[in-house]
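Since the structure comes first, as structure tokens, the remarks are kept for the end.
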Amino acid sequence: MSNIPFVMALLLAVAMIAAALVAVRATATVGAVLAAGLVSLFASVMFLLLAAPDVAMTEAAIGSGLTTFLFFFVMGRIRREGGGND
Amino acid sequence: MVEIILTLAAVCVGLAFLLALYRFVIGPQTVDRVIGFDVLTIISITGIVLAALLAQRVVYLDVALVYALLSFLGVIVVARYLEGGQ
Amino acid sequence: MIRKFASVVLLLILGYAFYSLVAGFVPDGELNRSAAYYAENTARETGAQNIVTAIIVTYRGLDTLGEVTVLFLTAAIVAQVLSHSRAPAGTRGSGFLPAGELLETGTRLLVPLILLFGVYVFVNGHLTPGGGFQGGAILASAMLLLLLADPMRRFSHRLIAKVESISGLTYVALGVMGLVLAGGFLDNRILPLGQFGALFSAGAIPLIYSLIGLKVGAEFSSMLESLEETEDR
Amino acid sequence: MDVIGALILLAGTVFLLLGSLGLLRMPDAYNRIQAGTKAATLGTLLTLLGAAILMPAWWAKLLLIGLFLLFTNPLSSQVLARAAHRSGAALAPQTGVDHLAEDREDLS
Amino acid sequence: MNERKSSGNRSQAEAIDARRAFLLFATLLLFWILLNGSLAFGTLTAGAVAAGAITFLFKDSLSVFSGYRIMPASLVASVRFVAFFFRELVRANLQLARLVLTPSLPIRPAIVRVHTGLKSPVGRLLLANAITLTPGTLSVEIKGEWLYVHWVSAEAGAEVATARIAAGFERYLEVMYG
Amino acid sequence: MITIAMTTGFVLILIGLYGALTNTNILRMIVSFTIASTGVNVVLVSVGYMPGRTAPILDDAVPVGSATTSIIDPIPQALVLTAIVIGLGVTALMLAYAYRLFRIRQTLDISKIVELKW
């Protein structure tokens, strides 16, 4: 029972590192941005397990939410002007 | 008794998490990654509810609400981007 | 090639430094002195349940004022930079296609609820996790949903600017009132502390956090909007 | 009572697991969306119900999370499926008719 | 809306607008009370102020009850709709579980047209959402009176599809929203 | 728990730095930067964690009297909260300038941008 948060943290650590590797190595920029959002998302669950709900909420709403949205808006503008996808 | 069942539930969540993460990592298209993102967010909500149950703190549930909002908005932003521009 | 080699060497050195940091880390057994002070005195001095909120709004209120100012400057600079790089004629915004009918209906249905949730997050900053910054981000997310559902839609710039400047001004005015009526700049005891745990308690903290929330929401919205803006010239 | 709540919670997580399995096994994007959205919705709803039985004082927040998911989850799946079709995501080879592609010209 | 209206029409439109605003306000206040989980005076006041401001600023917003016909028959239909919906949701998941656990994955997907007669926006949204969550179907696009549905185990014909997919929900939604 | 979180944070910083150093696309560099900043935040929060204690919110679960012995250090949390918000500001500025650079140079690849003046 007391091991559950520990195992969850371990899983999240694996997932964060995998998503970060995807973000760095993926071929398409869209995938990279999504993976970065996912890293922030898992970081926020990790903050919750570290007993920091305030930080978890901030990371979820700002770090994972608005940052990803800003990226997609800029990418939309760049694509509209004929910029390469990669 | 309850503890054993909760541990089993946590195991199921962990397995589901790993499977969805695998789908996210292998792709192959961006749409598949977005689906993986969506399902991972929702599995994270379940994880947050479990964490709140284990820590006996009701305040953690606010973060789950932010997550529900975020999974919706994130998927819609990416979908609108993938639809293509003018 | 040299570049890759150099970066790998740098990462190895950094990795060794980080390893020694992790290996030598010993977690605290009990709270250090400042943390213990906050844990003991927050409830009595500020009446807030959430100690993090008390630190951000009251104990370190001046830093938060600086933070909000930095965000304001960021929004202004983003608008300035983008206005210097006009898009080619005939194109507009980030060029999303018109949305489907279901998304439009869903947006009309969900935006009020999301806005109300944002208001809940920043009004309850002293009771539950969350506060002005998170609530402002949620308000901006609702604006984003409106932008996505109808790319042609334009918000009134004047309304956003007005909300931002009025809430910023009131924020500073409340700080000065703290200087006059209570112990110092941004002191929350200008209003009665009220009953511990109620919505209207903790003096001016809910008011200040609501103002921060409105201001931050307006700043994020204007940031998103200047990225989406029509440029037909 | 606690045991019933925990069992409902377990059932929810089992549905989540099956949904993830479907996500992995299905051949094309649309089928994956189907598997993901159905299983995730029911799985999360059952988890929330189980948590509400275990902790009766939390029912209001849990109810809100459930209602919100019930509205947003199918909507985001629909938007995603529409975007997938518009961006030309491939259908699985065993797919039969595609009326939407036939009607696409007079739609847009 | 038309610029030139007779005064009778205008007052009718105003009454509809007022009703919609009131429904939105009531929904928001209910949402606020559930969020806070308390009925203290201060909480209610703050909620009323916030809900009023949102109702005033976002006039074209809808609530779940916009266009809802308040009468006993629609209340009965709502209850039966919810019950039917949850039964279908559980059935959908069981079917999905069987499908996923079968090694050969016996699917025969297709995108079919489904006819709908609903006019109210909220009703159409509820119909599409319900279809997405029922066994083996996923709504992809809605246009006019046609709904395009991705169907995992397809059978032939638009009539069959309409009868199998949409009719069950439409029966109740027509009573509820008209 | 602390060790896991801290190690993850440091590994994220390293991955982010690696990405920022090896990618040539500006957007990818900004993505790597956000990953590194997330890693820093994880490290900072994990420093403030103490095993067996709970979040610094004094509701029914944590009575005021026993706060000193049952909550974790709130100061790193307040710090990280500020850091996340400022991180978004920095990212927005970087994105705006990247877009400006793209408008002038018509490319996002820094290895194709050779002039110093722009």
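When the chains are written out, they are named A, B, C, D, E and F in that same order, and each has its own residue count from 1.
Definition applied: a residue touches a chain if its C-beta (ideal position, glycine included) is under 8 Å from a C-beta of that chain, and two chains touch if they have at least 3 such contacts.
The shown structure was predicted, so the numbers you read here are calculated from the model rather than taken from an experiment.
Enquirer: Compare the CA centroid of chain A with every other chain's and tell me the farthest one.
Expert: So the farthest one, by centre of C-alpha atoms, is E.
Enquirer: Mind checking the centre-to-centre distance between chain D and chain F? Centres are C-alpha means, answer in whole Å.
Expert: Computed value for the inter-centroid distance: 31 Å.
Enquirer: Where the CA atoms of chain B average out and where those of chain E average out, how many Å apart are those spots?
Expert: 24
Enquirer: Mind checking the centre-to-centre distance between chain E and chain F? Centres are C-alpha means, answer in whole Å.
Expert: 40
Enquirer: Distance-wise, how many Å sit between the C-alpha centres of chain B and chain D, to the nearest whole number?
Expert: About 11 Å, centre to centre.
Enquirer: Of all the residues in chain F, which ones touch at least 2 other chains?
Expert: Residues 7, 18, 22, 49, 54-55, 57, 59, 77, 81, 85, 92, 96, 99, 103 of chain F each touch two or more of the other chains.
Enquirer: Could you list the positions in chain C whose residues touch two or more of the other chains?
Expert: 50, 52, 91, 94-97, 100, 102-103, 106, 109-110, 113, 117, 121, 128-130, 133-134, 138, 141, 144, 223, 227, in rising order.
Enquirer: Considering chain B alone, which of its residues make contact with at least two other chains?
Expert: Correct list: 6, 10, 17, 34, 55, 57-60, 62-63, 65-66, 69, 72-73, 76-78, 80-86.
Enquirer: Got a list of which chains touch which?
Expert: Every touching chain pair, ordered by label, is A-B, A-C, A-F, B-C, B-D, B-F, C-D, C-E, C-F, D-E.
Enquirer: Mind listing the chain C positions that touch chain E in their complex?
Expert: 100-102, 105-106, 108-109, 111-113, 115-117, 119-120, 123-124, 198-200
Enquirer: Contact residues on chain A for chain B in the complex?
Expert: Residue list for chain A touching chain B: 1, 4-5, 7-8, 11, 15, 18-19, 22, 28, 30-31, 34-35, 37-38, 41-42, 44-45, 48-49, 51, 53, 56-57, 60-61, 64-65, 68-69, 72, 75-76, 79-80.
Enquirer: What part of chain A is in contact with chain F in the complex they form?
Expert: On the chain A side, the touching residues are 5-6, 9-10, 12-13, 16-17, 20-21, 23-24, 29, 32-33, 36, 39-40, 43, 46-47, 49-55, 58-59, 62-63, 66-67, 70-71, 74-75, 77-78, 81, 83-84, 86.
Enquirer: Could you pull out which chain B residues touch chain A in their complex?
Expert: Residues in contact with chain A: 3, 6-7, 10, 14, 17-18, 21, 24-25, 27, 30, 33-34, 37, 40-41, 44, 47-48, 50-51, 54-55, 57, 59-60, 62-63, 66-67, 70, 73-74, 77-78, 81-82, 85-86.
Enquirer: Touching residues of chain C toward chain B in the complex: what are they?
Expert: 91, 94-97, 99, 103, 110, 114, 117, 121, 128-130, 134, 138, 141, 144-145, 148
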